[in-house]
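First chain written, first letter: the chains are A, B, C and D, and each begins at residue 1.
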Amino acid sequence: MSERIDVSIEHKHAPPEDGGRPHPNTCPTCGSHYRDDELEANLRVCPQCGHHFPVHARERIRQLTDPDSFSEEASELRSDDPLEFFDLRPYTERLVEAELSTGLGEAMVIGRAAIEDRPCELAVMEFGFMGGSMGRVVGEKFATACESAAERGVPLVSVTASGGARMQEGILSLMQLPKTVCAVEDLHDGGGTLISVMAHPTTAGVLASFASLGDVLVAEPGALLSFTGPRVVQQTTREKLPDDFGLAESNYRHGHVDAIVPRTELRSTVARLLRLFANGA
Amino acid sequence: MAREAEVRLRGQLSRLRSLPLLRGARLSGELERLQKQLERIVEEPSDEEIWRSVELARNPDRPYALDYVERLLEDWFELHGDRQHGDDAAVVAGLGRFRGRTVVLIGNQKGRDVKERTKRNFGMAYPEGYGKAMRAMELADRHGFPLLTLIDIPGAYPGVTAEQHGQGGAIARSQSLMARLRVPTVACIIGEGGSGGAIATALADRVLMQENAMYTVISPEGCAAILWRDAGEAKKAAAAFKPDAGHCLELGVVDAVVPEPEGGAQTDFDDAARLLGDALAESLEMLDGMSGEELRQQRRVRFRTIGQVSAAP
Amino acid sequence: MAREAEVRLRGQLSRLRSLPLLRGARLSGELERLQKQLERIVEEPSDEEIWRSVELARNPDRPYALDYVERLLEDWFELHGDRQHGDDAAVVAGLGRFRGRTVVLIGNQKGRDVKERTKRNFGMAYPEGYGKAMRAMELADRHGFPLLTLIDIPGAYPGVTAEQHGQGGAIARSQSLMARLRVPTVACIIGEGGSGGAIATALADRVLMQENAMYTVISPEGCAAILWRDAGEAKKAAAAFKPDAGHCLELGVVDAVVPEPEGGAQTDFDDAARLLGDALAESLEMLDGMSGEELRQQRRVRFRTIGQVSAAP
Amino acid sequence: MSERIDVSIEHKHAPPEDGGRPHPNTCPTCGSHYRDDELEANLRVCPQCGHHFPVHARERIRQLTDPDSFSEEASELRSDDPLEFFDLRPYTERLVEAELSTGLGEAMVIGRAAIEDRPCELAVMEFGFMGGSMGRVVGEKFATACESAAERGVPLVSVTASGGARMQEGILSLMQLPKTVCAVEDLHDGGGTLISVMAHPTTAGVLASFASLGDVLVAEPGALLSFTGPRVVQQTTREKLPDDFGLAESNYRHGHVDAIVPRTELRSTVARLLRLFANGA
């Protein structure tokens, strides 16, 4: 799609950012480096090798939905600190910092939208907000999205990117698993639909709850979809891990996802699914 | 938070007190227990006390699920296998008669000696284990048998095959099935209630917790390794995320705390079983007379509203 | 037996004729077809004719399930995997729009070239394939989508892993799930309807059979090997157990025979698809307006009474 | 149980019967040979090695039920010959011969019974009748047993021993799979119970239908429970088969049966299950 601007590929491996991390616009697979507008124009897929860069929630919504169709819901929800959790820093400080850096109140954005003229409800996760971790607000937003979808009789499309439950909310974050599961059950009982799109990474508590309960499960290429991450498995079992351990491709082979859809085809695929589930909603 | 819990429990108490004591002793037992729990809550446990409950929850001499089965159920018949490709010994499931009625029981099961521990994978379930549990749930649902689950799992198993067989999805589907059941369901954390492995069988109408059990989103060591970057700081992590029964009750995550014999369940299996049996029976009695539809609706509302946040004014 | 079938079909005919033709052309098409089938039945096919239909059913140039999907469904979205441990390429399942409505389709799928044939295991399903099919059935049931199944399987796979993963139980459970569905279901044998592998997805409200398909309890070769002690006597075996569409219609095992283009479906995929599409649409129309409960009750009665024996007087 | 009479073990390996087959009372596992009354007294389990000899339907019923509690149903049903099937001999001839040699009208006996004072319905297969194959009469009898159990509100106990569907009834024998499946579904919908006891061998069409749909699946030790038999698998795949291919023990390990119960404990196990399912029926 769109013409690629080659110039920026000349300087492979842009100088690392502060702290020695590779620049976020340098492809970790082939080393090509891009300007932000180039990546954005190509849906943040590396034009050279097809690597899928992470996509922020707002940009994901722009990529998927019809222009100006998105209307956010429950944006006012903010997490409090039920356990007065303090590790090396207070949880409240981490929350403020995350909001400042992402411009989002929490790790999930929900709202009404249309895709190729089909109405739907969206629930999109933001990995940049504390690793997309699911605390009480994410659980509440997802449940609200289910209810909103059911009320309006439209399918819910979730796009997940999450490290799992939010430790700083302790056992209450574990309770978001059954909470979101119950929300999906209510949606299903009303004849509703959940289309689950799993982006990199969809792991632990989110994989073990609503993300796996979609009527259809679609994964992005190369996305890590595992309950336990490769590092922990490696450390615990000392097994040699398969090269594609936990990746979408391995999940597909083992029967856990319906399709791996490149981001360039995601919008049209979701639109097709919305058409198919239209009389089921 | 202790303050809020106090208010909530006081409310519960006065509601119970105002009820005509139709069902007699049992309900008044519930009342007494609430009273005691209330007394315990008003004083915050110290970090040391929290850590002591972590150690007790993991005590290898603690009774395991089958120790309770032996003491609480008659005519026990164990079910085996997931009907797909295996029989996971870390999960036990079966039918038995509990105080006069047939129930289905699902439990996590650790091993006593080295050989049994290996066989049972230290109580860490594989997807095959959740599969067996789901099969047992379906059996309960088909025949209207109440479901009891005894939870004691360090966590899901961090292994390659477990991932390849889809443990994330299995944990999700097990919860989803529990959310659909039309029979009374009671869960009790009897040791370690570790993360996804625990919640897979804990989406119940009533969730109980033994006095010295723990219920966590991640192990204290795992939490410390991530947030403190040092697994040795587990004690600090435990103090920070408060996995003990008192706090779980305060937070509304469990409905009641089941007392253990003085010093912990490991000191007297028979007495521990008696206390657990009474609590389970009482919970089942509370659910008696509710229709399948009521049960599942109330169950979903329960989990929909635990620790719910509300919009800022 | 031909005699009885004639009586039965004549009865059906007169019933159809007496119906006010509310739904117009489609129903009268059904009437015409019954008439033709009746004419065909009165003369017994020869052993040679039966064998010819066996050969045509197995013709490697015959259209397979996905050839029909391509021609009959819009917005096809294929589902993959059993959510347990694999994705069996010998079974395809998915969603599509069929003449204006969303349906779930399940098909057996052989391969065209050597590579695809190997990948699809010559159309012989593993337990993972039945698992995928069951998942698709549940999806259909949850959303009220009609279910279409296209059957073309030499038989379940005679392999060690297939047994270890429990193919007997999987075939039983797949049937059991079909018996519970509350959505309209139509099955059509489009090639080889081989034994347990075929019946796993054939417990439908309406069962159709293409003109040159076969439907058998065991392959002619297998039967010959056992009863004649010589697999070479397959032609004799086929003649003895009569797997052709005409006989299956006579015996009441299938409800209608779907015509194929002159010479067989392999001569004209588009025309074969059109004829199949019309038959499927007509069957769905017959089931329209029935409640889920009616559907499943009628479906069970259908299978309860096929070829029923009665007590001697 | 019961005192074993040792004398007959002295002559191991009794002389083969006519046709070179080993004598049916010679243990194929350890070679011990028994008189008929000895085997019967020990429930046809080899006292030396525990090998489970086949049990005929009538004897099975005696082993399991309370004395004089069995009352047979549908005994008058006989198979006809819908396809006029003729292989090396006519089907009708095989039927007559089977009835003469077994004394049974078909490969299944059904009826009311009591086990340890608990009422139940029984459906017991006879392998001696054309290899326990399931044709229209077996399917009809099983369905009748389901209905009788449902009417009386008692569990149904099936004991299977079958080579599969009866080829001589062609496609109509395949139809017994969905027929018996539907019968179990009706039974279950009415709150009824099926306890499935699988004896040697339970294969093909019977394994792939009602036998696998029990609320509880119990197998006898050493019973072959496979959809395809070992010989066909061997011939087709040319794989080396595991030693316990398809046996109850392998099925148990792979998660397909709930328990392997020695025949000496079968009666008490079934009685326990009848007590457990009493309020579910």
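The rule is simple: a contact is a pair of C-beta atoms (placed from the backbone, for glycine too) under 8 Å apart; a residue touches a chain by one contact, two chains touch by 3 or more.
Here the structure is a predicted model, which is why all the values come from computation and not from measurement.
Visitor: On a CA-centroid basis, which chain has its centre farthest from chain B's?
Guide: In terms of C-alpha centroids, the chain at the greatest distance from chain B is C.
Visitor: Return the distance between the CA-based centres of chain A and chain C, expressed in whole Å.
Guide: 41
Visitor: Rounded to a whole Å, what is the gap between the Cα centroids of chain C and chain D?
Guide: Spacing between the chain centres: roughly 31 Å.
Visitor: What is the distance in Å between the mean C-alpha positions of chain A and chain D?
Guide: 54
Visitor: Where in chain A do residues touch two or more other chains at once?
Guide: Correct list: 254-256.
Visitor: Give the residues of chain C touching no fewer than two other chains, as numbers and ranges.
Guide: Residues 83-85, 131, 164-166, 169, 173.
Visitor: Hey, how would you classify the chain contact layout here, line, ring, star, complete or other?
Guide: Here the contact pattern is something else, fitting no line, ring, star or complete shape.
Visitor: Can you name every chain pair that touches?
Guide: Contacting pairs: A-B, A-C, B-C, B-D, C-D.
Visitor: Where on chain C does chain B make contact in their complex?
Guide: 83-85, 127, 131, 164-166, 169, 173
Visitor: Report the residues of chain B in contact with chain A in the complex, numbered from low to high.
Guide: Touch list, chain B to chain A: 1, 156, 158-160, 162-169, 171-173, 175-176, 179-180, 195-196, 198-200, 202-203, 215-218, 222-223, 226-228, 236-237, 240-243, 247-248, 251, 253, 299-300, 303-304, 306-309, 311-312.
Visitor: Using the touch rule from the top, collect the residues of chain D that touch chain C in their complex.
Guide: Where chain D meets chain C, its residues are 74, 76-80, 82-88, 136-137, 140, 143, 165, 167-175, 177-179, 181-186, 203-205, 207-213, 225-228, 232-233, 236-237, 239, 241-242, 245-246, 250-251, 254-256.
Visitor: For a test of understanding, state which residues of chain D touch chain B in their complex under the given definition.
Guide: Per the touch definition, chain D meets chain B at residues 188, 191, 193, 215-216, 252-259, 269, 272-273, 275-280.
Visitor: Given the complex with chain A, which residues does chain C contribute to the contact?
Guide: Residues 75, 77-87, 95-97, 101-102, 128, 131-132, 139, 142-145.
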